[in-house]
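I'd like to ask some things about the structure below.
Residue numbering begins at 1 within each chain, and the chains themselves are lettered A, B, C and D in the order written.
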Amino acid sequence: MKEIIDLAKGLQPWLVETRRRLHRHPELAWEEVETSRFVEEELRKLGIETKKVAKTGVIGILGSGGRVVALRADMDALPIQEENEVPYRSEVPGKMHACGHDAHVAMLLGAARILARIRPKGTVKFIFQPAEEGGLGGKRMAESGELDDVEAFFGIHVWAHLESGKIGIRGGPLWASADAYHIAVKGKGGHGAMPHRTVDPISVLVSIFEESQRIITREVSPLEPLVITVGKVEAGTTWNVIPGEAHMWGTIRAFTQETRDYAVRRLGEIAEAVARAHRAEATFELTMEPIPPTVNDEGLARMAKEALSPYLEVVEAPRELVAEDFSFYSRIAPALFILLGIRNEEKGIVYPHHHPRFNVDEDVLWMGSATHAILAKRFLES
Amino acid sequence: MKEIIDLAKGLQPWLVETRRRLHRHPELAWEEVETSRFVEEELRKLGIETKKVAKTGVIGILGSGGRVVALRADMDALPIQEENEVPYRSEVPGKMHACGHDAHVAMLLGAARILARIRPKGTVKFIFQPAEEGGLGGKRMAESGELDDVEAFFGIHVWAHLESGKIGIRGGPLWASADAYHIAVKGKGGHGAMPHRTVDPISVLVSIFEESQRIITREVSPLEPLVITVGKVEAGTTWNVIPGEAHMWGTIRAFTQETRDYAVRRLGEIAEAVARAHRAEATFELTMEPIPPTVNDEGLARMAKEALSPYLEVVEAPRELVAEDFSFYSRIAPALFILLGIRNEEKGIVYPHHHPRFNVDEDVLWMGSATHAILAKRFLES
Amino acid sequence: MKEIIDLAKGLQPWLVETRRRLHRHPELAWEEVETSRFVEEELRKLGIETKKVAKTGVIGILGSGGRVVALRADMDALPIQEENEVPYRSEVPGKMHACGHDAHVAMLLGAARILARIRPKGTVKFIFQPAEEGGLGGKRMAESGELDDVEAFFGIHVWAHLESGKIGIRGGPLWASADAYHIAVKGKGGHGAMPHRTVDPISVLVSIFEESQRIITREVSPLEPLVITVGKVEAGTTWNVIPGEAHMWGTIRAFTQETRDYAVRRLGEIAEAVARAHRAEATFELTMEPIPPTVNDEGLARMAKEALSPYLEVVEAPRELVAEDFSFYSRIAPALFILLGIRNEEKGIVYPHHHPRFNVDEDVLWMGSATHAILAKRFLES
Amino acid sequence: MKEIIDLAKGLQPWLVETRRRLHRHPELAWEEVETSRFVEEELRKLGIETKKVAKTGVIGILGSGGRVVALRADMDALPIQEENEVPYRSEVPGKMHACGHDAHVAMLLGAARILARIRPKGTVKFIFQPAEEGGLGGKRMAESGELDDVEAFFGIHVWAHLESGKIGIRGGPLWASADAYHIAVKGKGGHGAMPHRTVDPISVLVSIFEESQRIITREVSPLEPLVITVGKVEAGTTWNVIPGEAHMWGTIRAFTQETRDYAVRRLGEIAEAVARAHRAEATFELTMEPIPPTVNDEGLARMAKEALSPYLEVVEAPRELVAEDFSFYSRIAPALFILLGIRNEEKGIVYPHHHPRFNVDEDVLWMGSATHAILAKRFLES
């Protein structure tokens, strides 16, 4: 393992250069053509077999037989205009690696270089997935059939809310499930001065919002984190006409499938029942394929803490109710999603993910590569 | 008619004495034994036939054949401790004529004296009813069978919100219907720290209150007066236990049977539907026989305005959402309920009905007798 | 008066032709150029002096000295595509006389013809106003100075909710005040999964809606008609982001200035206080110059009933909470707004105002002219 | 340590007898006179010095100098009528050890016997506290001055929601803070038919309930458990009168002082602001001295897991939002509160704490004594 650390440190200049190269040329979800090509070339240079999966996804395969471990990076950028003034600033207007996927790709390529050198027994699959940002690329990869033999998945996310260089590991739920819903209320429109000749859908929408608060405050255990948010409301066209319909869109977040299922079911039930109570009709639908919670395998988490602690600063990863399609891999085998701290106040790297001034403390890149390589080796040899 | 006015004025000392005599000896609903006996004696002195109806009620019958008109007074007092310092103050602790029914009896007896003297053609029925205050005495009288031949009903209420001496007449709805309801929510009790193991009935009660607001604001015409009030809430026994049940009691008031029926039905529907939406059960029940709205016959109202205007100051009666069981008589025949102003700031007669300092400006008593007599004569001769 | 009736009936073919001519060529608010020119020409033909007022408005003046009465018609059409299949269908795509102002103009021109013939003593002012539909043309006319000497205003609105040929007259409040408001809530946006790092303005908007219900159900007398409607809500752009702002637009309607003032004040207060309670800020603003309630002068109403009853079927006008800028004229002098029934089920004339299939039963046009003329003559001679 | 386990097992018959003796004679909070006397006698028999503290509390002191560790049991019973049919059933009508404090006392006396025998170096303080059930006996003991030198506190609670024999240990928050609050709304009473002449306090209470939901759903992190419960509502006396006041009582539970402080502050703010928005006044007050959250020291938790795992089945303790005044001891020094499973379906021991059929699986009593003794020894020798 010490060797891996040394190799990783040696890769640092290459990692920085690679990350910046990717940063200059961001590609949005399902459009990762150049990134994908670059990844394939780099892997092939190392003698690693590659497969194109899920349109722009790449799987690299090192070794064969024995245990099978997978390491994952995501490749897509965001439709955000970069506001950082750096030499490697995005060269594509309106697009930016504002979530750190450029670092993810660089770190995983670094791990490939290390592992290609030390050749652990067994098989390593390098997953470079497209479309993490709202595209469910992870789901497509997981369902491709190419990963069915994997026995453990590891993923790393650089994390702006953790101090630079800290490795956040936590068994159990780390990130949340994500559902997107749409509630439509159908009433009966009419003159704003004659509400009694209408069935006012705005009034019903308000009631659904109110009544659904109870799911969190009265129905679900206070120990079970749950968020129900309405992000968008749209109803009516002018001040003096009661419209025929009203709409809202929002998201549900939870840490367990049970809580998520309960909240989804109850929000729908309440919407429909409250609308009926007011003589209207409401429909509730999910507008996106649900993302499961990211639940880390306790055994892998313990293993990772033990394996990494001698070389890196391991801390308990802070939980959030954000979501990741990495969770789809855990349907195949135990999985562990790790946070790598990149917050560095001295360098002004303090902006949250998806912010136009988001950046990565590049000094940690080697740690990501080392973490990937150590966990792969450790798992294969266990 | 002029003769009636003169006769009424001549009765004024007797009216005052009679009203005070009644005021000193108030009797509660369904206990009007002495009042009833007194009324019977007075009527018999005048040669008017009497019948005991509805326990303590009295009907006096003057004349026979021809058209039949009825004049009504109510006799019961209230469980209120009088706070007026007057010579004729209530002599019964905790009971008081705080609504003016003492004046009503006196005025109607005065009318009997006048009509016994002038003997209009046709038949006059004098109704002295028990239990107007929550006892539905009017309903019992109306359903006794003794009034089935009546062709018009007139009633007078002294009114503290109208200037002394003014006669308030209005065709159409004057006072409201009254319903008393009870909503019980059955949930599932438990520890206050574990709401998710309960079905919190207090939370559901709150939701029912909220959602039922829409009946008034969105469902019923803004031109249709409607009140839904919760007067009493009772739930739970202590701060840290979620109870199994929660209760509220209230009243519904409206001016038309349609609006009343709608509100009663919808409040029940909303209570049940909202409870179900929250996994609880609600029952809605009326705890009192409904009192219909007091809707004055337009024809009688016009007739009364014309007949009284030459002698008395007639004004448009102010409407309120209070209720009166006089409304039951209008199920038999057209009816007119008249307000007689008794508010006199100079005399300090400004307290509302049911107040411990309520009083009647006695100067108007003769007007009440005259009004009764004029309307009876006018109707019989029309 | 009988002469007026006969003259009016004789004008019926001309009235129909004139109304159709106007119907074919609808002009929107403040664009009534051709209508205005046509009105001027017609008035001049009759020897009636004209003045252009308020851009496209016309005032015709007949006679001089003596009492001064004004008769009013509005001229603007609506941005609605006509769906009637009639020979005189609108020839302007997307514009239509869907409220009956074409009939109003024709009827008032008819009245001008009658009055020009019978020449009542005193002065008649014919008001052809622009922009009744949301443009406050009535306010501009009333404030022009040209009507300051008027002693009584009369206006007629054809009315789809009244049987054809009935003349609806009511003293006191007939139509409502109208206010247009906008409530903006400023919170703090953020990630939909992290509501605690935001101040959710949608949640606050919901609360403002809920809490403002009490203005109607608990604060204002149930005898005072009041409507508070939200017609439009706009907040957020997508499902998983809590926006920084949320907006709603709506209208307040009342029958008295007191109730209107109270509701406007309280809605603003509640919006601001509830927002503050939730750590947000709300602003409440009126986005239109308030329209006062249309309160008919009781004396003019009585006069009109007496004057018209011998010739036309006069009924009590049904009240609504719609609004009219005719109300601005009553700031100058007593005013009376009359409804003329045009609903004719046999002819299929049953669609409400502002509906693409709205139409006018033309058989009543002469009644409108006659009503205008009779009331002018009667008032001038009183 | 093995010796302790053996000693504890040997005490089992005595532990059962002692627990049953206490079970037969339950004493309520602050009335633990006989229990207290019994404890003192038992301690003295062992040569352990005793002090009476906080009325009926007892502190036993074994050894002197060196490190100081404290072991705690609570002694009070509950005002519940026992429904178990057992030979040792409560002999006091209406009182019962329905929370397991009888077992706590027996187990700690057993630990005293063991420790008196093995005499670890340093000082052990045995805390037998009164009035855990709502009496804040723990606070009184902690503030007595007698425990100021303690360096670590250990407490054990038998736990009906954990399988018999399992030892539940968790670092960090285990149980919640508890606050009891009272919200009083002052409005203006009046007739139920005339809400506009009142300020309806029931309506305001409902609004406060509604608006306060947002504290949990929008203001506090979904990762921070928080409960706000209303357990009792009281308002009004009858259906047709709007009362002048309305009241509610409830509890707030949280796992961190910050969340608790925030929720207490915000509930008060919202109550007052919402009441003012509706022209009423609300007061918010805490009716009980706040109980802090039971937060276990991470170091002690690790130490306990290591020390106990070789001999007993140690599991991660399930969290709840119930509260314990054990939390007051942690203001003095690091503290650890441990759950000892007593749920045994075969024996029918399945009823929750405070249930009339609650019982303790006595087979685990020796484990409690052993746990106390092992932790004391381990801490003193560390």
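By definition in this document, a contact is a pair of C-beta atoms (placed from the backbone, for glycine too) under 8 Å apart; a residue touches a chain by one contact, two chains touch by 3 or more.
In this text, all values refer to a predicted model and were calculated from it rather than measured experimentally.
By the residue-number overlap criterion, the interface of subunit C with subunit D counts as same, with over half of its numbers used by both chains. Greatest Cα centroid separation from subunit B: this falls to A. Centroids built from CA atoms put subunit C at 57 Å from subunit A. Taking each chain's centre as the average of its CA atoms, subunit A and subunit B sit 69 Å apart. As a whole-number value, the distance joining the C-alpha centres of subunit B and subunit C reads 41 Å. For subunit A, the set of residues touching two or more other chains reads 194-195, 200, 203, 210, 214, 217, 222, 227, 253, 320-321. Across the complex, subunit B meets subunit A through its residues 194-196, 198, 200, 203, 207, 210-211, 214, 217-222, 269-270, 273-274, 276-279. Contact residues of subunit A toward subunit D in the complex are 210, 213-214, 216-217, 222-223, 225-228, 253, 319-321.
Partner subunit A is touched in their complex by these residues of subunit C: 176, 178, 180-182, 191-195, 200, 202-203, 205-206, 209-210, 227, 229-243, 246, 249-251, 253, 287-288, 320-323.
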